[in-house]
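Below you'll find the structure, written out as structure tokens, and then a few comments.
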Amino acid sequence: APAAATDLEVTHWWTSGGEAAAVAEFAKAFDATGNRWVDGAIAGSGGTARPIMISRITGGDPMGATQFNHGRQAEELVQAGLMRDLTELATRDKWTEIVQPKSLLDGCTLDGKIYCVPVNIHSWQWLWLSNAAFEKAGVPVPKNWNEYVAAAPALEKAGIIPLAVGGQPWQSSGAFDVLLTAVGGTDAFLKVYRDKDAEFAAGPEVAKVFKAADDARKMAKNTNVQDWNQATNLVISGKAGGQIMGDWAQGEFRVAGQIAGKDYTCLPGLGLNEVIATGGDAFYFPLLQDAEKSKAQEALAETLLDPKTQVAFNLKKGSLPVRGDIDLKAANDCMKKGLDILAKGSVMPWTDQLLSQDTQKQKEDLFSEFFAKPDMTVEEAQKRFADIVASAD
Amino acid sequence: MSKSERPNQLFRNLNAKVASIPMVLTALVIFVGGSAWTVLYSFTNSKLLPRLNFVGLDQYYRLWSTPRWLVSIENLLVYGVLSLVFSLVIGFILAALLDQKIRFEDTFRTIFLYPFALSFIVTGLVWQWLLNPEFGIQGVVRGLGWESFSFDPLYNSDIVIYGILIAALWQGTGLIMCLMLAGLRGIDEDIWKAARVDGIPTLKTYLFIIIPMMRPVFITALVIIAAGIVKVYDLVVAQTSGGPGIASEVPAKYVYDYMFFAQNLGQGFAASTMMLLSVVVVIVPWAYLEFGGKKRG
Amino acid sequence: MADLAVSLPAGTGSIGLEASGPRGPKPRHVFSRRNIFLYGTLIVVALYYLLPLYVMVVTSLKGMPEIRLGNIFSPPLEITFEPWVKAWSSACTGLNCDGLSRGFWNSVRITVPSVILSIAIASVNGYALANWRFKGADTFFVILIVGAFIPYQVMIYPIVIILREIGLYGSLSGLVIVHSIFGMPILTLLFRNYFTSMPEELFRAARVDGAGFWGIYFRIMLPMSLPIFVVAIILQVTGIWNDFLFGVVYTRPDTYPMTVQLNNIVNSVQGVKEYNVNMAATILTGLVPLVVYFVSGKLFVRGIAAGAVKG
Amino acid sequence: MMTSLENPSVSIQDLSLNFGAISVLETLNIDVAEGEFIVLLGPSGCGKSTLLNCIAGLLDVSDGRIFIKGKNVTWEEPKDRGIGMVFQSYALYPQMTVEKNLSFGLRVAGIPRDEIAKRIARAAEILQIEPLLQRKPSALSGGQRQRVAIGRALVRDVDVFLFDEPLSNLDAKLRAELRVEIKLLHSKLQNTMIYVTHDQIEAMTLADRIAVMKGGVIQQLDAPQKIYNRPVNRFVAGFLGSPAMNFLDGRLEKNDGNWHFAVEDVRIPLATYAFEKEPVPGAAVFGIRPEHVAFNSGSGWPFTATANVVVVEPMGSDTLVWLKLGNQNFTVRVTSERTPNNADSVSIGFDPMRASLFDAATGNRL
Amino acid sequence: MMTSLENPSVSIQDLSLNFGAISVLETLNIDVAEGEFIVLLGPSGCGKSTLLNCIAGLLDVSDGRIFIKGKNVTWEEPKDRGIGMVFQSYALYPQMTVEKNLSFGLRVAGIPRDEIAKRIARAAEILQIEPLLQRKPSALSGGQRQRVAIGRALVRDVDVFLFDEPLSNLDAKLRAELRVEIKLLHSKLQNTMIYVTHDQIEAMTLADRIAVMKGGVIQQLDAPQKIYNRPVNRFVAGFLGSPAMNFLDGRLEKNDGNWHFAVEDVRIPLATYAFEKEPVPGAAVFGIRPEHVAFNSGSGWPFTATANVVVVEPMGSDTLVWLKLGNQNFTVRVTSERTPNNADSVSIGFDPMRASLFDAATGNRL
């Protein structure tokens, strides 16, 4: 730890209950090194926060460290030389060895140099189900997506929203991607997003996925909330049957004092295709002039990957740690399921790594419209989807 | 007789010119320079950072084939026309009512004006809440026993823009009313007397005599409303974030989203340029007539 | 003079007219149809305008359980000021749990210099445009007016670059400059119209008296411009205090204004939305401009009449 | 003494009007004969416009009654009173053509088209504004606007015309011309006209009778020459005439059985003066109009004196000479030919028959 | 045409001024002698104020030069020209007391306090505004404001005073009084004064010389009586005098070796008329002032005729009679005593020596 205490401003968009608790762990650990974590939380979502972060960096007033989803979000900032090269540190601390799965670091690497510190693994492919809701509707808790769809009418009859999808565009877009991996399979996902195969995207296999998405939007039509955690809260309170959401939703269940398996059920890969995408959050370190601060940046990077911090953070956040060498005894049911899948190596990259923000945004526009507009046909949606894939970069 | 030596014109009224430097700089560097820069980069494929990598009109082709942009334009037109009409009409009617030598004029005026003091964020939040079908107006009316009552503009794609309009009018009409009131007060008392002697009913007097006389006020009001319309952004973000789906998207939000969320500056700049273009086409000739041509006053 | 008998005793004059027909003021009924219509309309409209404020206040005084149960219009059964306390001093954004209090002082620190600078610049501009017209001044003015229509989003990026180049990005002065720039069009228009409506002879007299550009501005024009300054101050205080976009883009977290904090609090949903805290925070944020309005309502209308209507 | 009229066109009885606590008109009575041209004359703020507005029904009276053509109109709407009104600022509807301006009231009243056309044609002919009918008021000169404003009253076919300082916005030349036009119009139409002005020339030339007002009270109501020559009080005497009547402060004295007016060391014999009532000695004011004084007139006048010249003002046709008589200012108006040399002292004279004497305290005529 | 003076106080040479494409003043020349009182007279919009503003330095000239006291001040700042200016609307600084108003210019110039006090005391004494020094303009009457405005020029100890219609906002009575005061002020100070007005009475009474302007061009620059009696063209003749000069359109003819003016079937002998230059027969305009015509004068006049009375306007001291002479309007002004009976037709007469003859086409005096 450096001798002098240095203030380091860290920006992120973790402001929900579970997220804030998790980030507090980082802050605590960093403060313990003798430096000071200056919290720069920006509420909203990554969409609100990122422009602000980017303006600050390009505007010449960079923060000490900032959260991004690792992948292509910061690509150009790195190319423009605005981000600090962490390769030296990574070699010293042998990140390549401790970070698991390996593909995580790929997202941080550009031209062979490492620019970010991954802090967790987030997988989107989860279906969260409220046990109480199904009990009320008098149907058993489903084991996979298909059973779930079948149970929808019963839920509806009981005055329960079958599926909660918040109004923010990334939620519907993400739900579709999950359906694509679950219903279409990992290969289909890669063909569309990695290979950008527009023909395939317009084909019958993806049509099946759109059919499922059509079911989903019908099930979700009565959701009147915006934020994802409000939607999660519908599930927690039994007002909704379930939600397709990333593992971070687990934090909300935890804050609400619910217990996996008893109060709620989680189905990775919607119970159809049990894989985990290695998306996640990472911290980038803008290039600073101040030597003191640069030192503090290194301290922070170390802290983030520290095994103890990793455990504390990920338990609160509900995500998976980036190190394979730590023991998560305290992990709950769902996390354990995730760790198992991870151990089996059923991993795949996620859209943050494969697609540019531009394409992501177009996708979001399409699916938020699709979910909100019942009269938009499946065919039209698929055609537009294929167009987006065709022009994706 | 020889001509007198005329001193250098540049240095006459030097102080006035020096004092105008901030204005000149703002006009040239920020408004002209910034716009020109934006237009220039709209022909590039800049992503997160501006790069001079020209791609011709590509961004514009894409822009005009994007459903969200088309929806935004349509929304802006609907919202713009309606908010223009309603602001003027409501503002004028309120002003006319207040101009009837009523009691408690100050109180009423303050009530109509106070929303203007609030930010769009606040307005958006409050109305989002009031229009929430579960516990907002709809919920309350249903709670009173009228079960079939339905009023949920923010959750209905077809009418969501009207929900935004309600909030916008709530916030903005007060100022328009103030302008109109000032205008009404400026009208020669004798005109009213002449109309009374002529036996012209009040309504007709307003329609055929007073309103045509208030042209300058209407123009000022128009400028203020129109400037607000083009810029409408915060309200939409705070109230609906453009939803449901993309039903309440507006151009300014498209620009912002594509520049920053989608990290596609080129696309955002192309959209900005389109907005700029429409503003310029409508405003410049008018502004020149209104403010440039005249000498004083 | 009394014997001039200009005033005849009543009724001695015109034959056949005396004592007949109405006399004195025409009777007026308080509840005439006109009054019922007039006040009826005004009261209904006033209710529409007051409704949101009422809901905000009422909600902010309720506890969460009551909000979940009751309807939004019912008055609080049990008044609690806890949401206000929380909104002011303990609501969390991320790790910062000091509510709006920090943002309040930031807003003050942003608003005061911005208002002063923007009004100072715009009033001098308006004065120069009205009284010291030089070649090309009108063109710049037209550009400014057109600038009033440019969506802020269009300008964000160029300004980031400009501020970066002059090294003011992220500093308070940078933000103050941005506010001055975007306040300039409308304010300049107001001031120009106001100064144009002042008698030009006054300006000429001062020139003959030997006062220069600044002498006339400070000693003649300023003391006569109270109404328009009130309007400008009100507009700017509201505009700058309520600004969100610039506040969030051109500052850093420790100088975030209150609106950004408000947005953070409102959007940092911890499970259930705490509507009472949100409403309290909303009212708190709007309080400063509201007070400015209530205090200066009359001057505002007068100033608007002077600055906006002629033109 | 005002005789009450048989069939007054306009009759105002005990009219009072107050704005809140301020009483503007106080139990005012006036009868206007059919076809008469009455001018209300008085300084600014004396209540002329207020009185006119009461007659027009534009202000609600506080007390009293108003009859027009024998009908009690106190509570009638303006349009039902049979009056037409012309305003100082013309109050033309700026966005309508002259024709629209004239016809708007008629159209609203639902009068048939051809009747409207007929009336407009007649008014336009009388006022000679036919070529202007399609113009907007902004494209008219001041005098033309004035005519259109009169036309608007004319087409309404009313019994009584009310004018509120209709000429005061015009320049001197136009004012003189339009004055004659209004006079001609009156003799052509023979309507009752009530005309407000604070310009005494207008009052003198136009009126059948002038009502001089002050502070909401009619001071004198009489034919112009009567008011000019025999003002009932000092206010009326001073208000009419330009340059104003000369006033000398002094005392009324009886010497050797003859009344004199003593000012400083000068004595003006009053043998030729027609007293209003039996005089008593005491402080008084002596008034004589500048044009009733002449220079170097030798023994022709009952009174002569010597005065010092201050300024000589040649005004083209006449010349004004400003003098000091003892310590008091004194103006003399003579035709240009008889201008005195710029000598320091001149001899002046006049006939006290032409003068007016006022009580120093009450200001009433003696 | 104009004689240039030896040591002019103000000398304007070839002055032109245009606003954009509109030319307001065109190569104007005028020399003003030391201590002279020049009045610029002309209809509204003829460029009087513009000329004054050029002299004051408030407008930049387009061409030409301006000398004050022999110094070329064309491009000087207003304050350095040695001029003081009094504006129509007074232009007092509303937020300052009278004293501050007076001292403002001096304070700006950095003159020592006691000197300022001395000058204010002197000006206040001359203008008799000592008791008003601590009041604000809003607490002053129109006449007092006017005096303060003059005082502001006075304290600056300038060579040339410029007045832009300083009296036109006042009522008739006050106007007459202040006119005299300005005249007295001039004779006391003996400064050069340039005074703009469109009121001919002011021009006639105040001026040493009057410059009659029209459309940015000086028509005639001469002593008032000269301009009144021998106007150089029809415009000047018509502009001065109220009521205006009578104009008869007709022809100049030579019969039996004598010149006549023929209008309809009337012939006016011109034996007594002093022609400007050798006359030629042709269309011409005959002008005669209303006060130069008399009634029933029998054979005393070289010319008599019979006319029809249209309107009789008693104006107190005088009476105007509007006549028709043949088809042409004709005004006569007589003292009230000699008013004709309201007979339909009267006989009039005048001496053509007093008349003016103008070329019908150019309007120039013949």
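When the chains are written out, they are named A, B, C, D and E in that same order, and each has its own residue count from 1.
What we mean here is this: a contact is a pair of C-beta atoms (placed from the backbone, for glycine too) under 8 Å apart; a residue touches a chain by one contact, two chains touch by 3 or more.
This one's a predicted model, so the numbers in the text were calculated from it and none came from an experiment.
Listing every chain that touches chain C and chain D alike gives B, E. The interface holding more C-beta pairs in contact, when B-C is weighed against A-B, is B-C. With centres taken as mean Cα positions, chain E sits 90 Å from chain A. Averaged C-alpha coordinates give centres for chain C and chain E that are 52 Å from one another. For this pair, chain B with chain D, the centres built from the Cα atoms lie 55 Å apart.
With centres set at the average Cα position, the gap from chain D to chain E is 28 Å.
In chain B, the residues that touch at least two other chains are 12, 256, 259. Along chain A, residues 51, 55, 58 each make contact with two or more other chains. Shown for chain E are the residues in touch with two or more other chains, of which there are none. By the touch criterion given at the top, residues 9, 12-13, 15-17, 19-20, 22-24, 26-35, 37-38, 50, 94, 97-98, 100, 102, 106, 108-123, 125-127, 129-130, 135-136, 139-140, 143, 170, 174, 178-179, 181-183, 185-186, 216-217, 219-220, 223-224, 226-227, 230-231, 233-234, 251-252, 255-256, 259, 265, 268, 272, 275-276, 279-280, 283-284, 287-288, 290-292, 296-297 of chain B touch chain C in their complex.
Residue ranges on chain D touching chain C, taken from their complex, read 1-2, 4-8, 11, 13-14, 27-29, 31, 60-65, 67, 70, 72, 74-75, 217-221, 232-233, 362, 364. Taken together, the chain A residues at the contact with chain B in this complex read 47, 50-51, 54-55, 58, 73, 75-77, 80, 167-169, 224, 226, 356-358, 360-362, 365, 368-373, 384, 391. Contact residues of chain C toward chain E in the complex are 199, 201-202, 204-211, 215, 219-220, 223-224. Residues of chain E touching chain C in their complex: 53, 56-58, 77-79, 83-85, 87-95, 104-105, 108-109, 152, 156, 164.
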